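One chain, chain A, links the two complexes that follow: it is found with chain B in the first and with chain C in the second.
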Partner chain A sequence: MAEVILNQVGKTYPNGYQAIPAIDLHIADGEFIVLVGPSGCGKSTLLRMVAGLESISSGELLINNQRMNEKEPAERDIAMVFQNYALYPHMTVFDNMAYGLRNRGASKDEIQRKVSDSARLLGLTDLLERKPKQLSGGQRQRVAMGRAMVRHPQAFLFDEPLSNLDAKLRVQMRVEIRQLQRQLGTTTLYVTHDQVEAMTLADRLVVLNKGHAEQIGSPLELYERPATTFVAEFIGSPSMNLLPVSITDQGLQLTEQVSLQADTKERGAVIWGIRPEHLQPCSESEADFALQVKAVEALGAESLIYGHTAGRSELLVVRAPGPFTPAIDQMLYLRAPQQQWHLFDINTQQRI
Partner chain B sequence: MTVTFPQRPLPWLLLLPQLLVTAIFFLWPAGQAVKQAFYQEDAFGLSSEFVGLENFSHLLHDPLYYASIGTTLFFSFAVAFVGIALALLLAVMADRVMRGQIIYKTLLIWPYAVAPALAGVLWWVMFDPSTGPIAVWLKSMGINWNHFLNGNQAMTLVVIAATWKQISYNFLFFLAGLQAIPRSLIEAAAIDGASPFKRFWTVVFPLLSPTTFFLLVVNLVYAFFDTFGIIDATTSGGPGQSTKILVYKVYDDGFIGLDLGSSSAQSVILMMIVGVMTVIQFRYIERKVQY
Partner chain C sequence: MKALFFDRSQPATGGWQRGAQTGKALAVHAVLLTYTVIALFPILLVLINSLKSRKAIFRDPLGLPSLDTLNLGGFEQVLLRSDFGLYACNSLVVTILAVGLVLLLGAMAAWALTEYRFRGNLLLAFLFAMGIMIPIRLGTVSILNLMVQLHLVNTLTALVLVYIAQGLPLAVYILSEFIRTIPKELKEAARCDGISEYKIFFAVILPLLRPAMATVAVFTMIPIWNDLWFPLILAPGEESRTITLGVQQFVGQYVTDWNAVLSSLTLAIVPVLVLYLIFSRQLIRGLTAGAVK
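Up next, the complex of A and B:
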């Protein structure tokens, strides 16, 4: 167990492509950090640099206060769980888990004890003699975890470990991973493109976009105060409503006819953001503006209503609790409380 | 899925060319050989006499025949082993090359396109005791190379020539096998603390074992039956009996020695060996070698 520190870590490929300009990240001992972002944002590259599977082009990586840039993967004392599990297909579950211990010259007794401890923790005891081919997806996933934890490494690295599982199993394994990590207290770096997975697992999230860390913070911090429009759109499902508007002395000009009262010194063009659940259906007299309903998704616990406001082409989303099914093309009157607004600079996309 | 044809003759008509080729070029000569194996023919081919199993019993009491079996086994396993080992080495190295991999692959595949007799001539020229560059170089190193006189050197030469031609084939299979191994397995092993050498022997090589076994059978079959041209062009089975493998002996006894009966009996035995090897190939490759 250890701190993992990334100082201005960057990656430039030999062909000149700069995947990651420079990232600073300080992972505390025992912390669960999730790297999240769309595909191609550099999150796997960053993870692989920490693992030692990609070289670090610039900056410095410290694990337990030791510089790791030039160390081989094996010398970094980390364990990695791969997306396709990467179990050795010709070895039994026991041998898969024992492989790392054997390579490090552990004694027979020690291997036996450690493997059976981990197997018990993961409910794999009855499967130790099986080959990976004879296991289900969830079991393989557990073996991959077992192989990682059996050595008690300084840090766990997860590379989209749940993306090959079906939806139900994914939720179950997500909970298991979180519990195990808490129980073992091992520093963890976890890569995913799934924002729900990211929100539920992370102590802190790193949202990556084109190799930049857009924002680093706890899931709720990111949800409540997204630093950029990218984070605002990426975190939360459905995404935050974002509209380019202008603020004048009359207030926030949603359309030519509709303006909302705005207690801000900000003037000029901005991007106005509001989360779907913060748009509240109300009576016509209380309403800030109206939406012409275009589609309704009733999910039981909540309903998602999509529509246009007169004079704008963007589709807005409203999340209303419980079953709520307004008719298509009906006008839906909405309130947009000012304390729930997010304003972003139209050029830099940064939060104002 | 079965396809049914409305008329009876059409499927037969469609099969006819292939059936004719098989009958004329395979079944008929093979039948002739089996028949000949029970007859004794005089040296001029004027008369033949039914002798039953006498050709076979002669063979099985002939020390030269056993010597040829020994030579064949040594030759075949040497070709298979050297060919597989070198091809694996080359494939592992080519697999690591990032830039220009196609050039390496193409160059390594070329020898396969060379006809066996030409491959034989090529090495014969290289190793010619008086003018061959390799032979001359060996002499300068103090090794007196003359495969016309030295049986072991002759065997070395035919093994080199036969292996050289087969390496391309093995290389292709190994390269495909290596590229089919997920990169993440090797990375997992690296993180698990295995050195590159250990990674190869505990992860890569076991995963290649189906390929290796397949190639072993294919290479043995190749060395047994497909190396006539190479032997003929380099040593003609000599000196003495030292490179006279079974297929070469069939030819030598039949067409040089004009003992067609014995030659046919040897062919029949070879046919049986081919049969056994084919069964092994089909039956065990799919099932036995798994992980």
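Up next, the complex of A and C:
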């Protein structure tokens, strides 16, 4: 268990491609940090750099206040769980879990005790004599976690560990991972491209885009106050509605005919953002603007309504509670409360 | 039983499809059977004629041995009045040592060439590829010179060394291709577990290479066992003769003892058949199943 500190850590490949310019991240002891971003944003590279499987080109990595840049993966005392589990196929579950310990010269009794402890925690006790190919996907995933746990490492590193599971199992394993991590109190760095996974697991989230951290914060901070349009779009499903608009003395000009009253000193072109659940269906008299319904997705607990507002081509999304199904091409009247607005600079994409 | 049940539950419209499939299977089997017969015929001929008297061999080469023509004189000649045991032992020692070392060195070289980046990596890989393209026999004269200078003529060591050189290029090539298919996460997981590079190779990679190594073993073993060229040139001495060379003593310039030749050939098939059976069991197994999804 340890602090993990990244000081201006960067990665440049020998061919000159800069995958990660420089990232600062301070992970407290026992904290669960999720790196999230679209594919190719450098999140896996960053994780592999922490693990020691990828060299660090610049900056400094500290685990437990010790510089780790030049250390081999084994010396860093971390444990990694891979997307494809990477279990040793010719070894039983027990041997898979025991291999690292045995290799570090642990005594037979100690190995037996630690493996059976972890196996009990993960519900693998009855499977210890099986080979990986005799296990289901979820069980293999557990064995991979068991292999990481038995060593009581300084930190867990997860590289998209749930991507190979079906949706139902993924939800279940997500909860299990979170519980386990709380129970063990091990510092954890977790990589995923799934923002729901990220939101539900993380103490703090790091949203990565093209190798730099767009925003670091708790899931709700990121949800409520996204620092950039990238974070605003990435966090939350369906994504936040983002529209380029201009603010004049008459208010926020949604279209040439429609303006929304705006109590802001901001003037000129901005990006206006509002989450689908903050657009509230209402009567015509109360409405800020109207939406022509183009598609409805009724999910039971909520309905997603897609449509255009007159004079604009962007598709807006409204999330209404309950089974609410307006007819296609019907006008839907909406209120957009100002306290739920997000305004971003049109050039820098930064929050205003 | 289950298959039968399934067949009956198929809708009737699937009938023509099944018919076409059966036809295709029959055609494939016919081709394969024909090939098998052609391939096995000479061996069968050797087998049946080794059991016949000399006269019967020439009178009716294709006939099966009858009570009149049955004659085990050839086996008697080979087993009792020649050093067949020594020759077989020599062949076996050379083959097993050479195949074993080709597998070990080949796997190590393949691992190093695919896993590690170092100066000269490409050049080395290229040299191994050249070894596949250029037959080693072109170098016979230099090899003989070398062996004379090393005082290795008429030793089994000479043969083992040459056969390692002969088998290594293909082994490296096949095993490299196979090693590339092993997910890199396995090695990375092992590295995180703190396992040394040597141990990663011997305890994680090598067990996964078994099917590929069996393939290589079969490909390497047969030419070594059957080789006449290098035993004749490098180790023709009485003590170091291999089976193929040993058989030659029954082939004379004027008279050939066909019974003895055919009997020793029959006996020579047995050890290589046993080795093949051992390796081919491994061929069938798919070992990587379950490593990753």
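The criterion applied here is as follows: the second predicted complex is superposed on the first by the 352 of 352 C-alpha atoms of A that agree within 3 Å, B and C clash if a C-alpha of one lies under 4 Å from a C-alpha of the other, contacts with A are read in each partner's own complex, and residues count from 1 in each chain.
Keep in mind that, in the parts below, a residue touches a chain if its C-beta (ideal position, glycine included) is under 8 Å from a C-beta of that chain, and two chains touch if they have at least 3 such contacts.
Source: prediction; values computed, not measured.
Student: Consider chain A as the common anchor and indicate whether chain B and chain C clash or fit when overlaid.
Tutor: Verdict on chain A: clash between chain B and chain C.
Student: So, does A:Asn84 touch the first partner chain B, the second partner chain C, both, or neither?
Tutor: Touch partners of A:Asn84: chain B and chain C.
Student: In the superposed arrangement, does chain B or chain C reach more residues of chain A?
Tutor: Of chain B and chain C, the partner in contact with more residues of chain A is C.
Student: Identify the partner contact of A:Asn164: answer first if only chain B is touched, second if only chain C is, both if each is, neither if none is.
Tutor: A:Asn164 sits against chain C, while chain B stays out of touch.
Student: Touching A:Gln134 in the superposition: chain B (first), chain C (second), both, neither?
Tutor: A:Gln134 sits against chain C, while chain B stays out of touch.
Student: Please identify the positions on chain A that touch both chain B and chain C, taking each partner from its own complex.
Tutor: On chain A, the residues that contact chain B in one structure and chain C in the other are 51-53, 72-74, 78-80, 82-84, 86, 88-90, 99-100, 103-104, 131, 147.
Student: In their complex, what parts of chain A are in touch with chain C?
Tutor: 51-53, 72-75, 78-80, 82-90, 99-100, 103-104, 131-135, 137, 140, 147, 151, 164
Student: Taking the complex as given, what residues does chain A use to touch chain B?
Tutor: So the residues of chain A in touch with chain B come to 51-53, 72-74, 78-80, 82-84, 86, 88-90, 99-100, 103-104, 131, 147.
Student: Where on chain C is chain A touching in the complex?
Tutor: 183, 185-186, 188-195, 199, 204, 207-208, 287-293
Student: Chain A touches which residues of chain B in the complex?
Tutor: Its residues touching chain A are 182, 184-185, 187-194, 198, 202-203, 206-207, 209, 291.
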